[in-house]
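There are two complexes below, and they share chain A, which is joined by chain B in the first and by chain C in the second.
Moving on, here comes the complex of A and B:
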């Protein structure tokens, strides 16, 4: 009997749980279109955009109350869905799954690090289809469909992609311009072919970093500065060319099985480690097997994809995947998976390995690093592409201050800098003939997002916002015109034809119309739209004293028998008075209630976050008083 | 220090003879007029984008424009309003709190005094800005919240000063005499204590205004001020965000910086003047 009950309980909860995870987005409406709008004060590209967006949306009756918060306060709250709306930027990579996956309903949970939520079984199905299809055409069509659905239905509104603007000394020639910006991590080509003089010894490339790299361990890289250095010392299996196509690197060629689950790579035979040992399949198998097995941060993402990695012969490696993942090659090329030498690394705890003296196969050899000051690399003369790199020496200098970095470039102390040159300095650089400004699609997608998890979800409002924001105007004000308007979660600068050709022209009138049709009308004249329901128009919501209220005119009057309607004016007047009184009372109660709930919410949020501090303070205070009292007594 | 009741007219006349005080007053009156007439003086709205970014001063925009094309002259003028309102109200509030607590401690003494003094010691050990940042992070940073936060953190010095002086007043023979005649505590406070400590209250209030203005500027400079209001601190925040310091856009930084400096100077001069007149030991003439 008990067992049966337990079983029933378990089954119901399982059923409920499954229903819960697969429920589509529920419409949640606030009373009016007013949102607290968070922004990071130290990220100008999104913070300035937030200011402009708030202004533009105010014109169509949507009020975004800007509030600046530090990331340490803001991110945890966003992850727990304790927010209303915010403006931020997210980084882009050539692998579209980074963006697309985040819209799977499994990310629609508080506390798992997800920043936005969209739970729609249809989108889930499409994402699963994308993850497993092998057909290019189906892949593109499905991705387009996902983008279209999300553009019209999700609370994630892309605004623009930043343009990377970098200053480099004009004597450097033959560099490559790639998405992400000049000499960024995907761009090995500039570092191979760039030169400034025919005399090799003069080709010393000096680059300024804002701060030191965090690690030389390719398994635990989190910052792009470390990756930049590691990228020159180590090689991956495949790389991206300047149009972001996957091209052979340590792997010469590859074959993909019919079902898309087995990738067989042929490796280069002429590659040597910097210490002279030959590079073989063992190194590749070791790197991937151990990287995944030891759960290193860089390789963790492969855990769900790669079943196993095996050696076929000394120069052939086979990857067996758990499912046919169409972006596996792109992921290998863009995921910063660098091959390390088995003979030197075997037996090490990869999470703690600090790799003081890196040995790789890449175009540059490690020479010296003085922490917090500089790093020196020199040309690998045995590099397996003959005749490159043309640069003989790379010096990474740490110069924390943006102005000092710029001045260093101007005076020739360094040649360029890691990360973009501030837009405001670019104007100065344009006037200087010894400097060149190089532009490329940047990595930051600036967007605004609404809390569709538990605060607000009305797709019509999001659609209206798409029309109400003037993206080119935002780029002009927020980033000096350096940017590309974005309308969907993918974009042509990073994902080429996978980006859906969808566009929302700036049209505030259309936005207003959409809002009105969706039932959002400003009825109290404060410039913020309230929800009145799609069938009503503003005139019918204000009660007009009609002598004979017909049941069709006011729905509220119907349940009671219409006897008073016969005795006309007096009854109507009293009724109006009554209504007014009731309305006033109700609205007063409502105001008090909202005030109260706001206060409680704020207080509880303070208390939950500050309990330890508060308790500690009180304890200290009591101790202090006690000591003071004892001392006084004596 | 004289224990006679203050003659307001006399006091003002005396004060005006002091150049420090007069100069301070002149500065504050000047800024007050700017703040009061902001709507007429400012040619543009402080929040509208009216021109291109970072235009140097020109006849059309006499202080130039900021990076988003707002008129810096208008922003500076409206900034006076916010900074003065925050400064004055926060100082008033903190002075009221500080005086009440100081007088209470000085008159009642005993256990209450001990407890309050421990609280004061505790609060003196807090880093104000850090605490304010923490509070602002969790409450909506409206101008009123900021006023309350500043007042809540800055009543302490006033309270300490007032307490000490209350105690010294309470030790005088005339208080004892008043008690002997049958005066209650309330009467002693209103007739003897308050009039005698009011010079301290006045000068510490002038100093409080100074502190409050600087505090508001610091909060806004960190981006944690009220974003719907333009204060001098907010302009400096925008300037830092735009990299104006790096760019050499001096017209972006100098006006708000000078205004903050000027206002603080004004209130400091007033406080010094008050001190000199009301505290005979400091008199130089």
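Moving on, here comes the complex of A and C:
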């Protein structure tokens, strides 16, 4: 009896709870579960996944119509919430707040760069709690709760984390493998301790970049290629070790105040700039104060966090925050905030500073840059950690073509490359004894997202999708098995125990059941589920006032952002004509662009195995010439 | 019409053509779907930083305002700032080593192709129907129809991969950056070999077939018979008379393709990492870097128009009839 009452209470409260949580975001339903599904053709990790996902979801009655779009076309549309659903990848960082923050309702606005939208006051409250708590346990629990809620309720469905696979010449020893992959931008350890020979002059490390770096100005970096180079010349206050823990660097130690708002850093006293001047607290204060004040793109994110930075003495710096931010140290270590010399940079417009001759405190000194071709760095013999780096010279070489890059590694012209080696080339590298394949958790989180802002929001459908996709199968087909299934927005490879232990087993039957219970039933037998309401069973004939469930019906469901037609009819006509013309041009160009990139991708993926291809090519050439000869003779 | 008036008129016409071309270039690239801020794929910029960037480049202003700013800057010789390369002036990106590299590669490639095509075409055409003719023409057809990136990769693979005769990429060896000019020139030429072979393979067959067909056509003319009847040796007819016709064909072709001299070879330059205008164009298109694409476009327009203007003036100098016909119109 008591048990029954308890059960009833629990059930009712659960029911109420579920009603409550879903009330936070407005339910928007389409007539049937049919979505235009966008994918980026030149990013195989998400593009091939999109194909597999569309196939798997079709089995449970959700139709995703795959359409390939170029990023420059797709991204603006996504940011303005003019889409239905898409598959893309987003980059991971050791700081979980980047990911978590994007689900705050303040980011649920078109035109500000948000790619997804979730507006739930409860989640907002939890995020605010995370931002200001100082207790580690509360922090972890709150983050878990956020992840769980988002997994069930947001239209953002994580699929997998890529595994980074890089090819390096086998003679190199003693490198560190960190999340993100070998010689990632913040990984200083490999660059310090790596060597291939006992003779220092032979330790020249050559790395191939697909294109030139954009800037040497640490305040305005937007690409990881530039950061990779800057990271060797300049030093940050703190760094991440190989397990992504914050460790001292230019700062030897730090103290955090009771309320978590004041960070006091003690600085190293034995550090010298490359030009011989000593490094002091003035440099740190200058870098942060000016970087934030001049609104440089790299330091702009600190504006909301840091109240002020002040010098206590020559080797002590105090950061006063606007609120107790628990990830401040992680942010300092992973946010690429490099300290610049005040005596050389003071008075410069940091946004326009092109820094042609960088002077830092880091393990390597800048030697020369030939734009579009090379960057050369040499060992800093006065570096403050004695005996390192082992590498005496670093050469960055620009090789635009992926095949040429791989060839250059094979012939020893370079030692490794900046980004992951394409999976098709990895198989070849495995056969070559002079090459080594190094694996690590990758940087890309592949996900699918629905437009919950103005197109579709039904959490039950999202839950069903979690069960309906076979993540290991997707990884196998999309990335040759190099990847880790993901279920929540944070993951153990980047955020350790902050990732919630939540899992959805592949179970299409369960997915179907959830959809049916939520009122999604295929009533017209076209394989796509229509909405009939949760009370109806499949056998009942439909008394719904929408009796024409033709496939074209969904087309009208697309929200058209038309302006109120209060203008004069003539103006409207010209506007319509104008719009049609622009639309036609736009879509034609889109088609051409997509075709071009798809063809290039397919062709290059064919031309991967070198020796047979070369032999085949030569044979084909000879046959062709022979045929031509015979034909002309006749 | 006097020559001076004729030239003035042509100048005026050319200026209008350039203006129209420049306007088309401006609007074409802005009508294209695409968002330059999407270029920052590596790291997701914060919304605030993104808005700042858009404001800095004036992308939030109406298109007409942007157009007038663009025209005003153009008159000052300013092609704008690159979106991607952190506000580097486009003129600095284009008019530097990149343009030199492309002109060297394309100029040398076209010149070598023209030279070989003229003499080989002459000989092949003279011996039409022979074994040599059949082999040359079938190889030429094969080469013209083979995709250029495939030839590029093949050459890279064979000469750089297996035989290790040429470098895989770039225009200069890093070890020799500080070397004396002569060594550097030799190094540059060594890097040039790979892309040059591809460019020659691209141009030579079509030039060759043109020359051969011209020669074959002329061989049936009466004056050849007269020359033969006069008792001239084959060699004298070939190099004394036919050579001029062959050269005329090649020169016309070269004139037609002169814009390629500055716009470069996108695919070849990408495969060989040849740091030229073609590679710049490729990277800029990928990243929607309008000002750079536009700059290259305008450069090409100007080269085409100036080449035509020069041709018109030279023709008018040589043949006065053109001037008068021009006047009647």
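The rule is short, and it goes like this: the second predicted complex is superposed on the first by the 518 of 634 C-alpha atoms of A that agree within 3 Å, B and C clash if a C-alpha of one lies under 4 Å from a C-alpha of the other, contacts with A are read in each partner's own complex, and residues count from 1 in each chain.
The criterion applied here is as follows: a contact is a pair of C-beta atoms (placed from the backbone, for glycine too) under 8 Å apart; a residue touches a chain by one contact, two chains touch by 3 or more.
As the structure is a prediction and not an experimental result, all values here were calculated from the model.
Once chain A of one complex is fitted onto chain A of the other, the partner contacts of A:374 are limited to chain C, with no touch recorded for chain B.
Within the superposed three-chain model, A:44 lies in touch with chain B and out of touch with chain C [touch as defined at top]. Counting the residues of chain A touched by each of chain B and chain C gives the higher count for C.
Of the two partner chains placed by superposition, chain B and chain C are both touched by A:403. Shared-chain residue A:65: touches chain B; no touch with chain C.
In the superposition on chain A, contact of A:112 is made with chain C only, not with chain B. In the superposed model, A:534 lies in contact with neither chain B nor chain C. Applying the stated contact rule after C-alpha superposition, one finds that A:73 touches each of chain B and chain C.
Applying the stated contact rule after C-alpha superposition, one finds that A:625 touches each of chain B and chain C. Once chain A of one complex is fitted onto chain A of the other, the partner contacts of A:477 are limited to chain B, with no touch recorded for chain C. Chain A uses residues 70, 73, 403, 610, 617, 621, 624-625, 628-629, 632 to touch chain B in one structure and chain C in the other. Listing the residues of chain A that touch chain B in their complex gives 36, 41-42, 44, 47-48, 51-52, 55, 65-70, 73, 402-403, 406, 422-425, 428, 477-478, 480, 602, 605-606, 609-610, 617, 620-621, 624-625, 628-629, 632. Taken together, the chain B residues at the contact with chain A in this complex read 47, 49, 53-54, 67-69, 114-115, 117-119, 121-122, 134, 137-141, 222-224, 227-228, 237, 241-247, 249. Chain A makes touch with chain C in their complex at residues 70-73, 75-76, 90-91, 98, 107, 112-114, 211, 214-215, 217, 220, 222-225, 295, 297, 300-301, 303, 351-352, 354, 368, 370-374, 376, 395, 397-401, 403-404, 407-408, 410-411, 413, 582, 585-586, 589-590, 603, 607, 610, 613-614, 617-618, 621, 624-625, 627-629, 631-633.
Of all the residues in chain C, the ones that touch chain A in their complex are 31-36, 38-53, 56, 84-88, 96-98, 133-135, 137-139, 141-142, 146-147, 149-150, 153-154, 156-158, 160-162, 164, 167-172, 174, 177, 270-273, 275, 279-280, 282-283, 288.
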